[in-house]
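Quick heads-up: structures coming right below.
Each of the two complexes below includes subunit A, the first together with subunit B, the second together with subunit C.
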Partner chain A sequence: MRPENYRPVKHPPSHEYELYFGPNHPGIEGNYAIRVRLKGDVIIEAIADGGYLHRGFEKIMEERLWIQNVALVPRICVPDPVPMEETYSRAVEMIGGLEVPVRAQWIRVMLLEMSRICAHLFTFGGNAATIGLYTNMFWGVTMRDYFLDLFEEVTGARIYHMFITPGGVRRDLPEGFLGRLGNLLDELERRMPEFEDLFFESAVVINRASGIGIISQEQALSWGVTGPNLRACDLPIDLRRDDPYLVYPELEFDVVTVEGGDALARMMARRGEVIQSIRILRQIIARLPSIGGAIRSPLPNPLAWNLPVGEAYARTESSKGETAFYIVSDGGPRPYRVHVRGPSSMHAVQVLEKLLIGARIEDIAQIMFSLDACPPEVDR
Partner chain B sequence: MSIPAKLNDVLHEMPGIKVRMMNERRVRVDLSPDTLPALLEILKGRLGYCHLSAISCVDWVQTDQFELVYHVWSHMLKTMVSAHIFISRQPGQFISVYDIHAPAGFFERDIHEMFGVHFEGAPNLNKFILTSWGGPPPMLKSFNTREYVEKTFDWVQYSPDWLKDIEAKGGGID
Partner chain C sequence: MSDIRPKYKGSLLRPMKALSFLFREPATLPMEPREATELYRGFHLNDWEKCIGCGTCGEICDNSAIRMVDIPGLPGDPAAGVKARRPAIDYGRCCWCALCVDICPTGSLSMSREYVHVSRDLDTYLILPDEAGMHGENFQKGWAKSEDSDLLDLTRRAMGELEAEARSDNFNEVTPGYDAQTALLEASRCIQCGMCHEACPAHMHAPEYIRAIWDGDMERAVGEIYRTNPFPHVCGRICTHRCETACSIGRRGDPVAIRWLKRFAMDQVEPEKVQEIALKNGIAKSTGKKIAVIGAGPAGLTAAFDLAKLGHKVRVYEARPEPGGMMRYGIPEYRLPYDKLDADIEVIREAGVEIKCNMRLGEKENLQNLRKGNDAVLISTGMNLGRSTRIPGSDHPQVASAVDLLARITLGEDIKAPKRIAVIGGGNVAFDIARSMARLQRRQYGAVNMTVLALEERGAMLADEAEVTEAADEGIVLVNGRGPKQVKISNGALAGLETVKCLSIFDEEGRFHPRYDESDLVLHKVDMVIEAIGQMSDTSWLGDDLTEALEWRRGRIAVDDDGRTSENWLWAAGDLVQGPDVIHAVAAGHKAAASIHSAVAAKKGAVK
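Take a look at the complex of A and B:
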């Protein structure tokens, strides 16, 4: 007979165990972690664990002048910093009623598309490395580096450009820049078949990425999936078309969609977007020389610049999806509130947690990289 | 610049709502907190506002209120509705809209962590970013970062060996 206070000890079944994946792990993007519960090698529960890259951007921005925040925002997403600069500046312009000169808008679109190519090349490389294809990683990073050379030439910096400012851009393009950009695009196009051979058509990639991390169209819409991840579910949704900004309505490009919704489809959607970004950049190279005029609208002294009372919500289609800034001004020299909405806040948390259930342990990295999540943007 | 007719009709069915066109594809509506869930349901069901882009929170100290802004986008009408509500800072509580828009789960968790607002019915309000933080919600205007740093870190006593070496050679921070 058992005593009255007898409570059987609850042990989890012996074949279940917990694994902490990250935050410093070759198969994880940035400093991020996932706590997974496994049965054998199959995941039965996944809990995302962020915060390793929290730098309090939103709080700091309330303490800085409107113009000073231009130096902070690109740091929110290292692989794709230009959309952060553009979205912040556009929200400030909406509140301040600033018109961006046409030439500056073309330069901004050029930088956005260059940044998209950089981010996708980086992702191809990272994704390939998770399944042991390191050559592809080196190639991706090398091609990205050539683009960073051009960024350095225009902006003076390789990653944190701080070039797009409220009202326009900091300076005009250097002499002969568009020619050099054209040459680099030729080189990228020449190398794309090599990427095809080594990565997109590789049997290893196809076998490892097919049928894992599948998102249905219904799930994608209800989970808040955006960007290439959404278009990989065959949904032609793109802010550059649906909620256009800058001079995108004047540019011809296709919204790349892929069927399948799995990790492979997401990679193929990014591959298609690189081709479309090249197409957009070619049009810019052809048309920009004939577009003259100022590169920024006149600003008052930026160190004593009070924006009127108001609020704005600006959105950009970044390489990772919908990037948005909600900014509130109380009429002072600093923002009263800045809310950064990064696409990875959905993809790296709720979506990833759901997709990992039922996946196998070796697919964690592949699924995460296929979502192209950016942990610093989740943590802010 | 005018509000799409279908949207205008739906918005004016809601009691006590104020509607303002912010730009050609964004409409701001101000309404009472009680009406918000119904508005989100109707917009989603009738006009395809199925994408919750974000929930933003603003701490208005002077009026002792939190402003919650629900940004929803319709792929059908290609228009954004930003629905603004104000709730009292004390106790700072509202209901979750997770059952209408699943992405709300992340935004409500974030607002709970950073502002302390409690969302009744939210699936998960555990800390995500500041797991080892024991202080007040840091995005509150009442939390002064500079004051906290001054109080927590004793800069005067900051004297590591490498700094002593530099000071001995005539250099230093000051």
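Take a look at the complex of A and C:
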């Protein structure tokens, strides 16, 4: 090396070190990483390092026909794919002026709430696993799987349903489906006390999760926190009520809020939402049979479907927060530009980075899971 | 709701309740085959009998997982809209969205209720689905074609037409054409599979011009149309539209109205602009070669247009006062207005083609002179003589031939239509003359008494369905299954036509050989009988020497695939060689022109 190229390395103090946390670490949700600087086992700096899941959704969508994107959008969030389909479709409907038949709207709400339950059950499980309670993870995944069976019945697929299309849904409900959904909700209600025993009221959980990753109300609002994470700061904000879409105005449910803003509060908010989703689904089971009519409005030939020039921002209250699509059409058969507002892109980057400061190394996973961050929403 | 946060420290013992699960049924399933749900989207199934190889599944596939593969030995039939290829699916790319199933025009694609494929051999992930499924285990159908999610628009936009009262005493065009919005919607139904292109005798670029119409670019559409057809106004109105027969959308719904779309595009663009577009590639530098075309019908004029663009000096000789052949003298004006035909011919003239009318060969000019004065001669004189039934009494003056009458109507002769007329025949010509004469009847008497006597049963008729229904609207009576027996004449005047019931039309070998029930005799009391049972060519003007020298095939001049006769200076095309319609004539004209061009280009020097 030439002497003029020599740059002395600035060494950190000997008691600080840097740890690359992820992307294969079992405590990380999805393929994601955080570079943390530690002093002892206390984090003094954290930098989110995504990109491991980058598939270029937004760019790919510009290359695909309006209908083809239906097959792409659920992949943006694996545990909670229905809001993605719904939001994309609604944005397209807004630009194209498409009406969604009432029956399709009810079916969509049903799927949205089923998906919310699935996602929350999955998160309970994941959250428990981060503090070593694997039994709860198995239970969560099991209950979710029963819901996936029902999804398979309605949509023909278990995870990526690709079922909601602009203008409606692709199939009507199979015979006797609502009865089976009711049975499963009974089972879930029966199981909820067992979840309480094992998890929500376990001393281990309460001690580990209390006071971890606290977000104040001011911070939550300024950092763009949405969804259950916001409601866990005792802020009653829910798009289903505040900016209603589909048939939510006709449904009764409470906006679940919890005080505290810590990891425990976030878990409790999700538990409360599962109960509310069951309540919504019960109303749907009662109302849906009396609602007839078509399940989709006619679409033009998808190979020659030009949407008018325009733009639309559609948003949905997903299990993670405000999921939104901003779509611009230049009048062609494909979107000119699509922007996905994945709620996790706030939760897993700016919020997580700040919450981790001062936390201990063993709490990294718990904090991330309590935010219910979904890395593909970051890497769109 | 903030009361749901536990206010206590939590229990260490309550989680132990989970131990009760040791004594419960496991939630996990044993490793054995599991029944998928009825809508499950598993591996693809494809009914090869139904599949037409259109490739639309590959078009909609968002992951390019579907590729069309040519299957050797599989019968393909362009005229029926079947290609000898089937979709192959790459499960390394497929995302099981089933858009391919939802768009499949035939409904042949579906997905099975099979969950699992495990193999270390990557080639097994690329399959050619058939009905037995990926592993040949005949799993049940899962996601299949359903009206719920059908992505195709199967309903054709209706073409309006003049009300029967408004049209039945004049020769105004019956159909007004699409308006812009209707045309756009109709064009949007096309899935661009290209079946029409293959089926069209002239291989018109229908997918391209339909897409241009959908894009709102009519000038591009006209350009696409003129790539293969110099008679777009004509074909946009009276084409027999083989394209629509082959259209994939027609498998389960109404085919795209390709003909009306062509008409729409042509009607939108100003004639001057059409000329500019049609000749946008310019006319080649003069080759100095001279070519004579005899007969200004669709075949001759198409060849003349092509040859003129290639730089040859083309002169067309036409016996009648105006060019157009059967398009003018055979097709009634209410189907094809003359100004539209003139517009097409004007483009051909603009390319440098010289059309000499009122030049019947053998009078002012003859074939031997033309041979001497030109490098090549194309004859395309069509079929102008009506065939006669040759039944007793058919030589009566009140027994007329349909083609003669149609020509006379075009020529503007004052024709007295008798009060009661019978037409023998069940093809389009029969309806053309019946509807034309009915118009004259209505003009003269205010009433129609017209009977069309067809040999065929209603379902097997050769005439277009639209012709039959429109004729019925205009008050024309159709009688099916009747064969002519004799023309009754009393005191020298035509008294009527006797018909017998037709039992069958073809013999076992499929030859035309009708059998009649002679006992079922009906007398139709009419004042005039018109025969519309087919036409034939008049080739007497060729002269004995040439007739002797030429090869003939079943009464027609024998030509090779490119229209060249056994005499190396003479080509023939159109109805004279092979019918039956304008678009076939256009196709034959193109072939003959290409053949003439390569032949004269090989010849040294121009004729002095």
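Here is the rule we go by: the second predicted complex is superposed on the first by the 370 of 380 C-alpha atoms of A that agree within 3 Å, B and C clash if a C-alpha of one lies under 4 Å from a C-alpha of the other, contacts with A are read in each partner's own complex, and residues count from 1 in each chain.
The rule is simple: a residue touches a chain if its C-beta (ideal position, glycine included) is under 8 Å from a C-beta of that chain, and two chains touch if they have at least 3 such contacts.
It should be emphasised that the depicted structure is a prediction, and the values quoted were computed from it without experimental measurement.
Once chain A of one complex is fitted onto chain A of the other, the partner contacts of A:Gly213 are absent, as it touches neither subunit B nor subunit C.
In the superposition on chain A, A:Asp172 contacts subunit C only, with no contact to subunit B.
Once chain A of one complex is fitted onto chain A of the other, the partner contacts of A:Pro335 are absent, as it touches neither subunit B nor subunit C.
Judged by the touch definition given at the top, the superposed model places A:Asp243 against subunit B, while subunit C stays out of reach. In the overlay built on the shared chain, the residue A:Gly140 is in contact with neither subunit B nor subunit C. Counting the residues of subunit A touched by each of subunit B and subunit C gives the higher count for C.
In the superposition on chain A, contact is made by A:Tyr313 with subunit B only, not with subunit C. Across the interface of their complex, subunit A is touched by residues 1-2, 4-6, 9-12, 14-15, 17-18, 27-28, 36-41, 56, 59-60, 62-63, 95-99, 102-103, 111, 142-143, 146, 148-149, 151-153, 185, 187-192, 211, 214 of subunit C.
Listed in rising order, the residues of subunit A touching subunit B in the complex are 48-51, 54, 56, 58-60, 63, 94, 221-224, 237, 242-243, 312-313, 315, 322, 324, 326, 328, 336-337, 339, 341, 345-346, 349-350, 379.
Against subunit C, in their complex, subunit A makes its touches with residues 64-65, 67-72, 133, 135, 142, 145, 149, 152-157, 160, 162, 165, 170-172, 174, 194, 196-207, 234, 254-260, 264-265, 268, 271-272, 295-296, 298-305. Taken together, the subunit B residues at the contact with subunit A in this complex read 22-23, 25-26, 50-54, 56-59, 69, 71, 73, 75, 78, 80, 82, 101-103, 105-107, 110, 114, 128-131, 138-139, 145-146.
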